[in-house]
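Below you'll find the structures, each written out as structure tokens.
Same chain, two partners: chain A is paired with chain B first, then with chain C.
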Partner chain A sequence: MEKAKISAYQLFILIVLFELGSALLVPIAIEAKQDAWLAILIGMVGGFCLYLVYHGLYSYYPDIPPTEYSQKIMGSFLGKILAFIYVLYFIYLSARVLRDFGEMLITSFYWDTPLFILNTLMALLVIYTVRKGIEVLARTSELLFVLIFLLGISVLFLIVVSGIIQISNLKPVLEEGIKPVLKTTFTQTLYFPFGEVIIFAMILPYLNRPEKVKQIGLLAIGFSGLILASVMAINVSVLDVNNITRSPFPLLSTIQTIEVAGFLERLDVYFILITVIGVFFKMCVFFYASVVGTANLFNVKESARLAFPLGLAILILSITIASNYSEHIKEGLHVITLYLHLPLQVIIPSLLLLIAFIKNKKKKSKHSKNLFPKRKYRLVERDKK
Partner chain B sequence: MFSFLKRKNQKNDRKIQEINNQNQSNNRPPNLIESSLSKNLEVIKQKTGNSSDIIIRPLKIGHNSQIKIAILYVKGMVDNQSVQDFVIDSIMNNQNLSEKLIPQEVLEILIEDVVAVGGIKVVSDWEKLLTALMSGETITLIDGISKGVCASTQGGQRRSVQESTTDVSIRGSKEAFNESIETNTAMVRRIINNTDLWVESINIGKITKTEVSIMYINGIAKNEIIEEVRKRLKGIDIDGILESGYIEQLIEDQTNTTFPTIYHSERPDTVAGNLLEGKIAIFVNGTPFVLLVPALFIDFFQSAEDYYERFDIATAIRFLRTVIFFISLVGPAIYIAATTFHQEMIPTELAIIIAAQRESVPFPAFIEALIMEITFEILREAGIRMPKAMGSTISIVGALVIGQAAIQAGIVSPAMVIVVSLTAIASFATPSYAVAISARLVRFIFMVSAATFGFYGIILVFIMLIVHLCSLRSFGVPYMSPLAPFIREEAGDTIFRRPIWAYKKRPRLISGQNRVSQGEDQKPQPPRTRIMKNTTNVEKGEPNES
Partner chain C sequence: MNHNWILLFLIMTSTVFISGCWNQKELNELAIISAMAIDKNEDGKYVKTIQLVNPVNVAGGLQGGGSGQSPTVTVYTAMGDSVLEAHFHATSKVSRRLYHGHANLIVISEELATEEGIIDILDAFERDPEIRMTSRVVIAHHTKAGDLLKSLTAIDKIPAEKVNGTIHTTERARGESMEVNLQDVVTTLTSAGKETVISGFSLKGDIQQGKKIENIQQSELDTTIESDGLAIFKEGKLVDWYQGEMSRGVVWILDKIQQTDVILDREGQENILTYTVLRQKTRVSADTTNDLPVLTVRVRAEGDIREVRSQIDLTDPYEILDIEKELEKEIKKQLENTVIRTQQNKSDIFGFGEVVRRSDPKKWKKMKNDWNDTYFPNLKVNVKVEAFIRRSGNRTNSYLSDMEQ
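Here is the complex of A and B:
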């Protein structure tokens, strides 16, 4: 753990940018067809529940990251194995994001450039940033959030002005009942992007006002969920269901449809800007968590030193995890969710919380019965004063 | 083998000797002035190498002129008038001095009665005496007394207070600092008439012994930052300080960056304004540029005039400056990226025009831009160094020969000339030269990245730039604050400029505990009715009366 503090506002922005990151890029919840936005919103509610689980664990151990408290909960040996699995999981996820991004660039803009080169550039930038530490990352996010926000507003304005939105494309709502929507939610949107918030368990200990963690996290997830849902709704209403299922990058297709006043057209650069910034933050957060997690697990004092070797690993992993884009997407939508996301994002944290709850209850009942374990961080604060 | 050991021993001996010498020099009692005048003069002559600009004027005073004294000063460093009138003349014509006296009495009379200069001190060791002599004071030595009288008669020819040449503004004070540190500190004092304006001086430079002063407002400036400034200044061990740039480079937080983390200004009103925010000014003798710490990135985009204009106009101008800075950074890069990688982005008609222009150009856009940029940098550098009389030659050569001829020769396209000149003008329009020059460097990185990866490259470098800026600190204060970390109550003074009455508090990260800068309800509240009641009697039949 480096000695750093981030503010509540910075955490909010980091979570929002993280959530939007690659979720704006790829078609999410597309199995739910025109009800994709609904699937995202339900996923968001699921995300709230997951965040509460992670927050529950945080409130028991407000000063240490999950790689450390897993050892306190499960015992040293099992806890270390679990922490190691999580670190690997974070590394794998950052490699996935990098691959998503590289494939997008190749398919839409840089047909002749090798994937490796494109990914290398991004990886170098991420390594550079992570070496600077979480405070710098948080400050950068504050500045770039404004840029993304302005871009988003102007894109929305242009879409509305060019009159390509057709609300009728969103109808009929719940054509085949609620079932496909729920299925999409529980096989996809719950984990990607909302469940991935688990990464912030690594970052929460840095927050300077622990009492705000819950509120800020929920707000950020809600905010980003609403944005994602409305972006998806706009995509569907602009492109209609048939086109969107065939489009690898729906937002890009939507932006390409914009035409205002005869000369504002083909604004692909907007899309590059939004996705590069979004993916950059998503990768930074994932990568930072992996670096800090590794450092914490293996007692490396200067975590910045790990940035280069781990970055290299992620770069190579991003090339080798799949032989082509469809394999990559298929893995992402069907294999990963079931075998990685579900256990690591939902089952294990819930179990940990349960064990932590029982353990702390025992401990507390030994000392005094008045202390309510969930409020532990407040007591810690008061002690300091 | 033995010789090796011997050498080693020798080395050790030398080391010990050196250490002893150092100790001696540290513990040695200060080199005291002797009581014999002739010996003293001999020492001075020997120490100054008998320099011809040191004037020694021997005098004899007292009954029968039996007491010898000598007056010493450096030609040109002193104000001749005051040396003549208040030292030499007073001594020679004073009645009290022609009586029967012992040397001790002469000293007392000199100090109390004769020398008619404000700053007077008595020193007894050589180092202080010589430093005083070299800084323009007039020394009086008396035979039989092992002390010297220093009268502050500094003067000589200096540039007068003139209009600023680097921070020009339309509204506001026109005067700028000059090379004399006393004038400079006085100019700020004239603006802030408060006892809490504190000045501390030290001499830096083993050989030049340059006077450096730090100035701050006690109670507003943060104590930790003042302490840090003191510590860093005291840590400087260098031969000479010739300009505040030396100090700047020796005390800045991070050296491997192109961006300045210390602000400098030539205007007393800018310095005063920054002092009021809790910043600390560092004056260096011999330069009109005063350093201000801690400096934030946005400081370099503000000019004193912003605060004199009304807020809406100032905000618009600041917004323009942001755009200007952006253009000066990425102007050519965007052109290169658009013409090389993203032609589809350019509206069709424009794309045809550009393509037609570029038809005869044998270079890729990047090389074309590089040629023009480098040509322009050469022109600019020449324009700065050239004698003023030849200035018009540069503009003719630049505009006609390079602009017109290069296009006609088909080496560059007209569109490129437009882009490059727009970028050049933009970089001149940035208020701070220090940041404009950084942007000039970074622009080339942007151009290379645009030539290799198009917009993707530009965006990556842009993000990297922001990460770099966010990682900088100036005396512990994050460089990009109050934008990042975002501080809501201060963000109104960044690319916006809120109304003066809305500046309720001083910047949190810069000033200390005392943060309230103005009272509540400073917003002007004119009376509702058009005619002011109870003030003047409105004459009947006023033209605007309805």
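Here is the complex of A and C:
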């Protein structure tokens, strides 16, 4: 752990940018057809629950990252294995985000450029940022959030003005009943993007006002969920469902449809700016967590030194995880959701919380035998410091 | 100090790598395509025609030099078994890299659309990230698609601009054609409850004359291209052409009329009054209580009187009410004619199927597969029109009323 503090506002922005990151790129929840927005909203509610689980763990161990408290909960050996699995998971996810970024740029704009070049540039930038530490990352996010917000507002304005929104495309709501929507939620949107917020368990200990963690996290998830749902609703109403299922980057197609006053058209650059900024932060957060987690697990004192080797590993991983775009997306939206996200985002954290709960209850019941348990507990804490 | 120099050097070298020049193409290496056309020849091969802009000649006559000597566009044709193959063959005829980013028009020949359909040719356009989904699509009526691109035009120097501009203006001012882009075509092709409509364009005069620059060096052009009706598709194949009021009916039911004229006849005298619709709203709703859905088209139109050719007393509100009633009847008649003819074509271009789907998804599932052939032709369609006359221009009664009989 480096000695750093981030403010509540910075955490909010980081979570929002993280959630939007690659979720804005790909057609999420499109299995639910025109009810994709609903699947996202239900996923968001699930995200609230998951966040409460992570927050529960945090409230038991507010000063140490999960790689450390897993050892306290499960014992040194099992806990270390678990922490190692999580670190690998974070590394894999940052490689995925990097690949998303490269694929997006190549498919739509740089079709002659090799994937390696684009990914290298992004990886170098991320390595540099992570070496600078979480405070720098948080401050950068504050700056760029304003930009992304203004861009978003102006795109929304242009879409509305150009009159391409056809609300009727969103109807009929629940054409096939609620079942496909729930299925999409529990096989996809719950984990990607909302469950991925588990990464913030690594970052929560840095917050300068621990009492605000719960409120800020829930607010940020709600805010980003609303944005994602409305973006997907706009995509569907502009493009029609059939066109989205065939389009690798629906938001790009939507923005390309804008034609205002005969000259405001071909605004692809908006899409590039929004997604590159989002993807950058998502990758930074993932990568930061992997670096800090590795350092914590293997007792490396200067975690920044790990940035380069790990960054290189992620760069190579990002190119080798899939041999083509379909494979990459299929893995991301259908395979790893069930085999990686479900156990690592839902099952294990819940188990950990349960064990932590029981352990702490035992502790408490021991304390309650004393006459002034609370006071004594506090004194002990103070002595430690 | 030494350290700083190394840093500066590194920063400067990094600009070489991060300036994004991997894909760079200079403007003078590009051939800018303004329009593309697809025909099919006797051997069954696709013929692709591309219209390239000559930037120097577009810039204008004032600069002198080459303009006037050579035309604003140059056209190349190439053949192939698929659209993309034809495109590859075209590259061997042009010295520069073909650039699609500004292509704004795709012309498809009537013959190809009728015999083979447009389903097989659009994927290459949709897939290429350089081609915009907002490119307009047009069907060449009574002419080859390629010829439409070869004819030079006045006022708009680039023929593609002329085609797009004409369709845009016709849609806004008369409502007899419709701007349809690539995305609309693909969306309607994939939708079970809506069929495709594409505007037509035709060539008047001799194409050999039209290719020459002398054609536009006269006040009245020998060869012109003009907007010409709507092509009606069924499952990707062209089945009918609508003209005039018939095509306006389609645009009207699709709620795309922005301005149009309705002419009123009375017994004994035709064309007594011209009513210009300035605002209108058309809503389509479906009642699915019975086995066969009942569709209702509600039109609400507002407008002015623009021409009077008889002694109507426009100062009398009751007279205005009468005229409104007659106008409603006239519009209703026209829309019903369009609906009947379309039902005979068995092609649901109005998207009635989509309306049914939205109001009753379960019933729609049963009807979906034979919607066009079984259900749509037998639908009962009610047309309800409300027309309002708001003003009558700079005069109340016509001077005809003051003339002695």
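Criterion: the second predicted complex is superposed on the first by the 368 of 385 C-alpha atoms of A that agree within 3 Å, B and C clash if a C-alpha of one lies under 4 Å from a C-alpha of the other, contacts with A are read in each partner's own complex, and residues count from 1 in each chain.
Everything that follows uses one rule, which is that a residue touches a chain if its C-beta (ideal position, glycine included) is under 8 Å from a C-beta of that chain, and two chains touch if they have at least 3 such contacts.
The structure presented is a predicted model; accordingly, all values stated were derived computationally and were not measured.
When the two complexes are overlaid on their common chain A, residue A:Ala261 makes contact with neither chain B nor chain C. Using the contact criterion defined above for the overlaid structures, shared-chain residue A:Ile167 touches neither chain B nor chain C, since it reaches no partner.
In the superposition on chain A, contact of A:Phe280 is made with chain B only, not with chain C. Once the two complexes are laid over each other on the shared chain, residue contacts for A:Asp240 go to chain C alone; chain B is not touched.
Which of chain B and chain C touches more residues of chain A: that partner is B. In the overlay built on the shared chain, the residue A:Leu121 is in contact with chain B and with chain C. Touch criterion met: A:Ser253 reaches chain C, while chain B stays clear of it.
In the superposed pair of complexes, A:Thr140 makes contact with chain B only, with no contact to chain C.
Shared contact residues of chain A, touching chain B in one structure and chain C in the other: 109-110, 113, 121, 265-266.
Within the complex, the chain A residues that touch chain C are 107-113, 117, 121, 168, 171-172, 175-176, 239-240, 242-243, 246, 253, 256-257, 259, 265-266.
Contact residues of chain C toward chain A in the complex are 17-18, 20, 22-23, 101, 126, 129, 132-134, 183, 186-187, 190-191, 354, 357-359, 361. Those residues of chain B that touch chain A in the shared complex are 341-342, 344-345, 347, 453-457, 459-460, 463-464, 466-467, 470-471, 478, 480, 483-486. Chain A contributes residues 7, 9-10, 105, 109-110, 113, 118, 121-122, 125, 128-129, 132, 136-140, 142-144, 262-263, 265-269, 272-273, 276-277, 280 to its touches with chain B in the complex.
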